[in-house]
């Protein structure tokens, strides 16, 4: 295990790569691609190696920490001088998200190999810069630093959509940026307010202060702060009704952009909820959980229903993300260990499966230059392999057991059911609907006779595409079968999030009578106590 | 005991076969594909036989024999292992699945020989075997669910095998989605079980559930709810009311598929699950009653539709639905072993029926409409003979398999007193009526197909007997359809019911007192006689209508136009679903959710904010009129504002309370 | 009413009338003359207050130099009667009322305030011109020197703006 | 009678600028070479910065407290000096292209800079007034420097009329304050009766006058017209220099006069909101880049006013106002760098006669001149306030100041404005990178930038990134306790 | 003996009339004159305060204001000449090329 500023290297290696790309001649496309690929691959391998080694199984806290004082605040030299710190660290949750990011970057670069023909150099630079931002978001332990990366990531994504996107790319790009900024700038106000209350931007310090009771936010303040953070994350996720940027952004983005957007960027929102909303504002989280769950459930069903009737294949996949991410949010705000782990798993699974779907949609686009399903039909005949891959990925997306989508969805629903059976029941409708829209669209695209003459001669997957897709398939299968590898590592971190939520009640809590935990009406009293015991056992057992 | 220690090998072989054929088979000739697929299933069958052989020598305390391989999902207190288990129930299922499955594989090599996508077909079929084996061997609900969903997938793939046909693709999709609706319940059932028992392992769940007090009739306690939810899953998979609609459509798939998946194995998974969860169900009398009623209702409902169908496979499909209803009826009245017994015999004769029908279709060059057949009995003798055997079996003529299994179900139903003293009689009555109808429509099928005038154009269709690769399985299944029920035969002369006894360790019971047994014995004989008479009546009507008076059915149809068309259109259930669920859902999704809420509502709001900002911007911009006098006025306004604020607003106290 | 007060009122009336005339006259030259009237009236008021140095400067610099410049420019540009265009709706509708409101407010605020500064009476004692000059060259030498650059800028500006040919 | 040496040394920067201004006027008839004149001007501007050396080491009041050489004024002295250097470098090729006289131009820039220096260091209102006039009158002339074009003259005239109008208010305010307090020295005003009506009125009038100079709404009304009409390097100067200096005076009055702190809070609150909205909304539909940037500078004035409101509500509390001061100063610095850089690019692209200022003229710039487009994007993103740019940290500190003073709603309004602002900055980037240029523009050869412009762009771009990443040194300087040497 | 407030009120009135003139008149030169009127009003206030407080610095300010006014006048009239020359009009309302 090498020592040194590993996380910094992980964050800035792609930036170095981008710099190196800058030095290449801009018409030397082949070497630009190769270099970008090499950098991203190196990044992926390093992230696998360092993070898996550096964050041992069962460790709850932050590992591989790096800490430097960075920007001073407050009167110079006085006692009240504080600092914005350069504070990095990884735990079980961020670990896999980083790996997902680095992996999908490799995939994005590979899938853009042929399909990007204009401004090739800039394209790959943007992809690498995007990686910097996203990895930075997942590894930051300082609120300021987090926000910094959060915003940095906007710019490359904006360019990716705006320059290399499709017809309405500019509208989509601007919408994407404005939507995201609308949320994040309020989050900035929230971050500053939190700083004002705590005197630091350092996440572990604040967490610690909240844990020990050294810091207690007044109820109103906590509520507003929670909302400031939550709305920013909800827009990113995107949670209904903040989702309308997503279909546009996805449809207009180039394939690589869609893959990164769906695969990683959306996860930043849910990651933020886990990392910030819950530990920092537990009471507000608890108070808002029912409302958020309702939104999540609406999102699940609504996203699925709207996906069902989309004539545009890419838009369909985009709306399916709304639905899937609804599950994640639900899992987070059920405050149950199982659902929390399910949510984390689902984030990863969705990254792979929806990433895969976008890849495939992109491959169709490369061949036919359209997303309209009416233009397809019967494609399984000219390209059986692509059809097979598509089916496989679609199945993983609709949550077929043994594939990755199932594990996350199942755990989320299972965990949610343990505390709020009705939430889970409503959300499970999404499971039905996902089958509806995916299979129906699959049928419309691949089954039947070929109706459009052009489609008869479309080439099947190329060797390069086959490598990408096969990798995705293998990972999908592995995650579906060997999920313990991941859940085992996220367990302690997820537990610690929930532990932080369960800190001792404070003065004002006493005034509000604690509502008894809702029991499902149908459970006889005998089994109810049994269940409670189970729950408490569960908490004890996994600590 | 080598195989019992390596149970995984049984499901894994078909998976390997599937993978090999699926990935590499595309370029191979049919022979190699055959040998891979048959080798995999055949070996799997042999291993299964060996496993069963070893199993019967196991001491009882080691049953169920559970083998854990690795932890599949673990989160918090939840843990789902990849674990296989084998007990008596599994043994029955295992033999049915691998045995019938293997036969159908053989049959398929003949049937599919001239179809495109040969390797694909066998790859799917092997994959199906894998999932089905997982389903029956799983040691916990989650792994069972893997098989459950997996077979659904294979069903989807195989129904839609002829994907160029829209109807086939539609049917596959419909099957999957309807199944998903059932799975919705199944999953919630699992969640509730986990919540109640803290685990989903069969052994633990059942051992914990055993001592619990059973719910009273009409009480919706945890177990009742859980059972009902599980049963919801079963209605989807096993095509019961109201989720049966996919199964008739599933006949779009190749006929071997219909035989294997949609008759013999997959569709019985629901029965299997109910039987597997019998410990829970026996604690939930309400759920039991629901199961019995739904099963019974489905049986009669499907049978009536079967009366008038003209597509040979559709008749069989409705017959399957009806027979599955029987099985649920058995489970619902607590006769789990009878249900499983019928499951097994049904697997034999219904597979046979389908395969024989396939052979007919094969002979007719793809024609499925019975109105265009007739008089085939002399041309395809083997097919005719086996088909007749199966028909006799399903109609319940002794001593064929169907007689015994159906008889024990009706007997159990008659005796049931769950939900009131007369419930059992009513269920029995309906069951008997169903038997009558079954006998009728099956013989109708036989008569229409094999007897009467030849109603097809001989110049176009060259009727020919199928190859031996197809006939072989037919013969074997015919034999099984005859002897498959003999396990239970001794009961008729006062001997033990070997089948029930074998399953005894799983379902319990079986040891009834001698006195009741004696009384029951005479009753059983009576009921059996009634059943046989019923079957004969059914046969008689069919004979009269289709052999003696061939014009009569049409006249009858005309005279009872309303009923006839209703039946022909399957009670308009599909149309009903389309009108009440599918169309409104699509309409709402398109026009309300997407166009109104999403585009006009949310996006409209967002864009509205943007455009109002722009128009506000335009207003602001137009204050820049370029006229210095206006500007001067603005300065004056500003001056007034500043002065007013400073004069008339309270002076700011340092750190005002704002924002706090 | 003391003579001073009487003189004050006369001069004040003159100044206000001059200002009104500045507003109401249509020809710029008349406005300029009105302004000169105001300035002279103000010079008189300065004298009344005893600030005779300021009064002198007012007459010489303001009335003499600056206003002459104005008149000169008016002549140079041959400015005619002002055309009363009404392009600016804002100024046309709200301009006068708002400006008058400002005027009223300023006057009212000053009138109603009872500051110590206002309590004093204008004694008319002779301002010490020497004191002024001392102050100018000692305390305020820095701004005084800066004004020289200001004038330099003004010259420069006049050259840059008004010269006809490019250099 | 004659001032002592330390007095003179403490105002050395202003003197150097004035001196070089006069020197340039003297050289004008003698030296024909533009390069030489430019060099002299740059040396003069730089000399002013260097002239701070004494003040840095010996801070303190000069001329019996009329001006102060404290870290605050030293900061501004550097800032306006830097702006002057950059503007001169930008202007050199511009003047050559437009065939305008340069010695006068440079002299005026230096005089204006001196005026700003005075304004920022004045502790006495009359001196401030003289400084203000020195910079304003120079500015009026500079605005009309392209005198053969209608727009330039119009710009000059509007600026002059409205500017003088506002100056009169400012002056009347001084008079009233003087009347109440008997002094014009800021440091001697604490004794004033804080309930005095005249004092209120006087401070209100001062605020009006300075509000005009910093372009606070509704006094912002002149800004777009004047900025658009003025020669672009002059616009760069306007947006960075006089504004900063006026803010400096405002801040100093604020810090030194307790009554101002008391009375101005709500006025700032309201002015800030109005200004932000006026600037951002007005810019939304702009198609003229120069005018767009003008509106943007109004918006930025609004952001700075937010920090002013924060200062007001902070005074005399346990947190101390220094972070808010630092926020304002830091913001002015970053903003000045970025704005000058942006206007420099605009001045180059305008082409002869400043014809190509429409947004469409920038179409396809990302491909035609990637470096320039990248740098302009950097400036725009900095103005927009995205991280890694100086603009982000500037905005961040203002947000922080506002939140620290519990002005949450003001912060939220500012946030909303940032989003509105994002739209039009991004629109420019959209045009540069995502629009195909018209045939005519595509055919025109990429304009090669002269060396001096490249220097300006390099300095500003590096500054825009440097202060975004490593602001600590600057902040530590600004956060020092004796920023205002009282 | 005249109360200082009289002078101050007069100065306010004159200042206000200057403002009125500024928004009322269209001729650039006259508008400029109204600014001069305003400055004169300020001067009056300065002198009045100076006298009331018996401090002579107020009168010094007046001198400065007059100098500044002179400088402004020079530049302002230059600008006016420039405008008039370019546009052949002194009407401020016709000078509206820059707008929106």
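Every chain is named by a letter (A, B, C, D and E) in the order it is written, and numbering of its residues begins at 1.
Convention: a residue touches a chain if its C-beta (ideal position, glycine included) is under 8 Å from a C-beta of that chain, and two chains touch if they have at least 3 such contacts.
All values derive from a computational prediction rather than experimental measurement.
Novice: Can you name the chains that touch subunit C as well as subunit D?
Specialist: Intersection of subunit C and subunit D contact lists gives B, E.
Novice: Hop across touching chains from subunit B and tell me the fewest hops that reach subunit E.
Specialist: 1
Novice: Name the chain whose C-alpha centroid is farthest from the C-alpha centroid of subunit A.
Specialist: The most distant chain relative to subunit A turns out to be C.
Novice: Which chain's mean C-alpha position is the greatest distance from subunit D's?
Specialist: When every chain centre is compared against subunit D, the largest gap points to B.
Novice: By Cα centroids, which chain is closest to the centre of the whole protein?
Specialist: The chain sitting closest to the overall C-alpha centre is A.
Novice: Comparing A-D against B-C, which pair counts more contacting C-beta pairs?
Specialist: A-D
Novice: Roughly how far is subunit A from subunit B, going centre to centre by Cα mean, in whole Å?
Specialist: Result: the chain centres lie 36 Å from each other.
Novice: What whole-number Å value describes the gap between the mean CA coordinates of subunit B and subunit D?
Specialist: Centre-to-centre distance between subunit B and subunit D: 77 Å.
Novice: Taking each chain's centre as the mean of its CA atoms, how far is subunit C from subunit E in angstrom?
Specialist: Result: the chain centres lie 6 Å from each other.
Novice: Mind checking the centre-to-centre distance between subunit A and subunit C? Centres are C-alpha means, answer in whole Å.
Specialist: Comparing mean C-alpha positions, subunit C is 70 Å from subunit A.
Novice: On subunit C, where are the residues touching two or more other chains?
Specialist: 87-88, 91, 95, 98-99, 102, 106, 109-110, 117-118, 139-140, 143, 147, 150, 153-154, 157, 160-161
Novice: Could you check subunit E for residues that touch two or more other chains and list them?
Specialist: 8, 15, 18-19, 22-23, 26, 31-32, 48-49, 52-53, 57, 60, 64, 68, 71-72, 75, 78-80, 82, 92-93, 95-99, in rising order.
Novice: Where in subunit A do residues touch two or more of the other chains?
Specialist: Where subunit A meets two or more other chains at a single residue, that happens at 178.
Novice: Okay, what are all the chain pairs that touch?
Specialist: Contact pairs between chains: A-B, A-D, B-C, B-D, B-E, C-D, C-E, D-E.
Novice: In the complex, go through subunit C and note every residue touching subunit E.
Specialist: 2, 4-5, 8, 12, 15-16, 19-20, 22-23, 28, 31-32, 35, 38-39, 42, 45-46, 48-51, 53-54, 57-58, 61-62, 65-66, 69-70, 73-74, 76-77, 79, 82-88, 91, 95-96, 98-100, 102-104, 106-107, 109-111, 117-123, 125, 127-128, 131-132, 135-136, 139-140, 143-144, 147, 150-151, 153-155, 157-158, 160-162
Novice: Considering only the defined contacts, which subunit B positions touch subunit E in the complex?
Specialist: Touching subunit E from subunit B are residues 621-622, 624-629, 632-633, 636.
Novice: Give the list of subunit D residues in touch with subunit C in this complex.
Specialist: 1, 3, 7, 11, 14, 18, 21-22, 25, 62-64, 66-67, 99-101, 104, 107-108, 111, 114, 118, 126-127, 130-131, 133-134, 137-138, 140-141, 144-145, 147-148, 156, 179-180, 182, 193, 196-198, 201
Novice: In the complex of these two chains, what residues of subunit C are touching subunit B?
Specialist: Its residues touching subunit B are 87-91, 94-95, 98-99, 101-102, 105, 109.
Novice: Across the complex, what residues on subunit D touch subunit E?
Specialist: Counting only subunit D, the residues touching subunit E are 126, 129-130, 133, 137, 140-141, 144, 147-148, 150-151, 153-158, 160-161, 164-165, 168, 171-172, 174-176, 178-179, 182, 184, 224-226, 228-229.
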